[in-house]
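Below: the structure, in structure tokens.
For reference, chains read A, B and C in written order, and residue numbers begin at 1 within each chain.
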Amino acid sequence: MGRPLVHRSPIPGLGISAGITLTMLSIVVILPIGALLLKGASAGFVTLWSEVNTPRIWGSLWLSFRLSFLAALFNLVFGVLLAWVLVRYHFVGRRILDAAVDLPFALPTAVAGIALTALYAPNGAFGSIAKELGFKIAYTPLGIFLALVFVGLPFVTRTVQPVIAEIEAEVEEVSATLGASRLYTIIHVILPMLTPAALTGFALSLARAVGEYGSVIFIAGNIPFKTEIAPLLIVIKLEEFNYVGATAIGLTMLAISFVMLLVINAIQILSRRRIGYV
Amino acid sequence: MSKFISPRTERPILRWTLIAITFAFMAVMLFAPLIIVFFEALRNGAVAAVESLGNPEAAAAIKLTLIVAACAVPLNAVFGVAAAWFITKFDFRGKAFLITLIDLPFSISPVVAGLCIVLTFGSATMVGGWLTDNGYPIVFALPGIILASMFVTFPFVARELIPVMIEQGRAEEEAALTLGASGWRVFFTVTLPNIRWALLYGVLLCNARAMGEFGAVAIVSGKIRGQTATMPITIEMLYQEYLSIAAFSLAAVLALLALVTLLLKTALELRFADQLAATHRA
Amino acid sequence: MHIEIDEISKQFGTTAALSPVSLAIPSGALVALLGPSGSGKTTLLRILGGLEFPTAGRVLFDGADATNLTVQERRAGFVFQSYALFRHMTVFDNIAYGLRARPRSERPASAEIARRVTKLLDLIQLPDIGARYPSQLSGGQRQRVALARALAIEPRMLLLDEPFGALDAKVRKELRQGLRDIHDTTGLTTVFVTHDQDEAMELADLVVVMSMGKIEQVGKPADIRAKPATPFVREFIGA
């Protein structure tokens, strides 16, 4: 082996910092995740598959991933718009709006959950408007979608904002001198520059939405086959002391998320390599 | 003169339309949920809201949440500082992998996190069974809640510190060492003053999330009234018993905490921009 | 194209970047705006390109008032000091950009675009780099690509802001001749900004010496060397 495991360094504290890091990481993260994998391995693929392979679970997984994808997509569009307005335009209240973008990060999910339900329930401020227009929001997939939009809102904005701030003025100016309209410049020059960061935000938003529990269960109504999200089924299995069942769903969620993130990462690496900073 | 539009911006009409959309979007999506919490809490007046917080269940929940945060946050802060020191001051193989592992909790559902902890430390497991038999139950008890809160907030402090410490490099520490300072002295007199605001920033986010964690805690706590029910869990219980005022009053306390967190966070970003990670500089 | 600058002034807040300046640039000339930083030379160039709007005064192109023309309408080939190449596009796509950005009715067919890009790559003597990305080019190559991109729109004039500023001395010398050749081939009225008096004297037909928002002297390089009009010019060209 050519390279040593740890390079010698004059700076002290290797032992204690490595010790604390690895010990705590093991107890808090590695051991628990290992236990999940071990549980899955000891149950065996056939058992896990028979636990997952029920219409109710597939239904919930499909609901979770579909709505999470849609919510992340929605956040992608509005996140970029928000980032653009907050970085580029100067108007009264900009700082307050900028600070408020992080509200979904700071507000506990259970609080968000009951607040959104109070708003969108048929007797709520927004829900009653929907009711008059003849549709329901809370206790339908639309309500789940809105909750997932709420929790994923800051990701795209926060990843894209610094990139917008760093776009050199000349790049936009040169586009105009070459005769391009503002719209053409935005589509062909600015948006491609934002793509890698926006995709990162999209991936983060998606990952968060798929696993989200607290803000969704209140507004979802939790009707089997209709508005039952995958994390809720894990909770239900655990309440029945069906650990293998819970493990099976948990592992399936991890696997699907992993594949999705892999795909997004691949797209990202491609688009980043083209721009020149790998 | 007035006809000239800089090639770096949009027509005023479009600009103001986009600003209006932003305001409308944020009013509906962000501000409305926040306002409704206080509105519902104060539906029967401030007295009723405050009284509902005085009942033993709510009081126990507030106390428990404070205890959990008081344990989980400092532990994660110690971890964050140690991990950042290890990662930024030394060169070793597998660094990228280590960072991935530290970030892992962000991409795992809190519910799955709770499940993992139950599978590791539940009374039916080897480790958990042994601990329970010796009088130290983890799951459905305080240690489990702390562990779950630590899991979901694990990367926060490390993530703030690592980029800042990379940017600052090792020169100052090396200079202090050549002047004869001991390791701890270097840390407390050179490193810590450089990272204190980033550390505070990370602790702030960690604390907000730890106090508000729901999914993971819902699973490991067993939701025992007055014993293992944190504030978010109690909010759920009260809400499902249609004790709306009580639920929203407790929620309002957490919402206030969120607002204070945002306020402090913004203040840090404005005041100490140069000492935070580049992505937080306003 | 003949360019006339008529009593142009520019205020940024309370500071005057340009006191009223007037200047006539004959068609087909290669002109250097020479001066130290803060002399207003870049501001004047940006006003010509339509990137800034003058506080007062007019710009005339071939005798017609162009002051209110938008950047897009001016068709000025502009080369920035940083080149501002589009990092996410190949060299080919960078050069083709201005042609593709035209409204459908004026846009050449893609075969015609390809033909023109190839011709421009030949002109800058880099025929084989069309498929590369800007990050894979040297500084000198980037500068030439930026020049080709500006030429692709068949500009009415060429405006260059410190075109050699970001290059080392050796490449700089080579590219000076390259710019001279391209100017002579295309016959375009060309204005470039520089703080380097050697560059201005060696390359330009006409040198405009500027200081603190004013034009100190306009003349042929030899005349300026022989007869500096003001003490500032004498000191600046180090005569």
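What to note about this one:
In this text, a contact is a pair of C-beta atoms (placed from the backbone, for glycine too) under 8 Å apart; a residue touches a chain by one contact, two chains touch by 3 or more.
This is a predicted model, so every value here is computed, not measured.
Contact count check for A-C and B-C (C-beta pairs in contact): higher for A-C. Relative to chain A, the chain whose mean Cα position lies farthest away is C. When each chain is reduced to the mean of its CA atoms, the one lying nearest the mean of all protein CA atoms is A.
Chain A and chain B have centres, each the mean of its CA atoms, that are 16 Å apart. Mean C-alpha positions place chain A and chain C at a centre distance of 47 Å. Each chain gets one centre point, the mean of its Cα atoms, and the points for chain B and chain C are 53 Å apart. Annotation for chain B: residues 7 touch two or more other chains.
Counting partner chains per residue, chain C shows two or more touched chains at residues 50-51, 70-71.
Residue numbers of chain A whose C-beta contacts span two or more other chains: 173, 175-177. By the touch criterion stated above, chain B contacts chain A in their complex at residues 7-11, 15, 18-19, 21-23, 25-26, 28-34, 36-37, 40, 75, 78-79, 82-83, 85-87, 89-93, 98, 101-102, 104-113, 115-122, 124-125, 147, 150-151, 154, 170, 173-174, 177, 182-183, 186-187, 205, 208-209, 211-215, 218-219, 231-233, 235-236, 239, 247-248, 251, 254-255, 258-259, 261-263, 265-266, 278-279, 281-282. Of all residues in chain A, only 168, 170-171, 173-181, 184, 188-189, 192-193, 271, 274-277 touch chain C in the complex they form.
Within the complex formed with chain B, the residues of chain C that make contact are 50-51, 53, 55, 68, 70-71.
By the touch rule above, chain C contacts chain A in their complex via residues 49-51, 70-72, 74-78, 80-82, 84, 86-88, 97-98, 101-102, 133-136, 149-150, 152-153. Those residues of chain A that touch chain B in the shared complex are 3, 5-7, 9-14, 16-21, 24-25, 28-36, 39, 78, 81-82, 84-86, 88-89, 91, 93, 95, 97-116, 118-119, 124-126, 149-150, 153, 158, 162, 169, 172-173, 175-177, 182, 185, 204, 207, 210-214, 218, 231, 234-235, 238, 243, 246-247, 250, 253-254, 257, 261.
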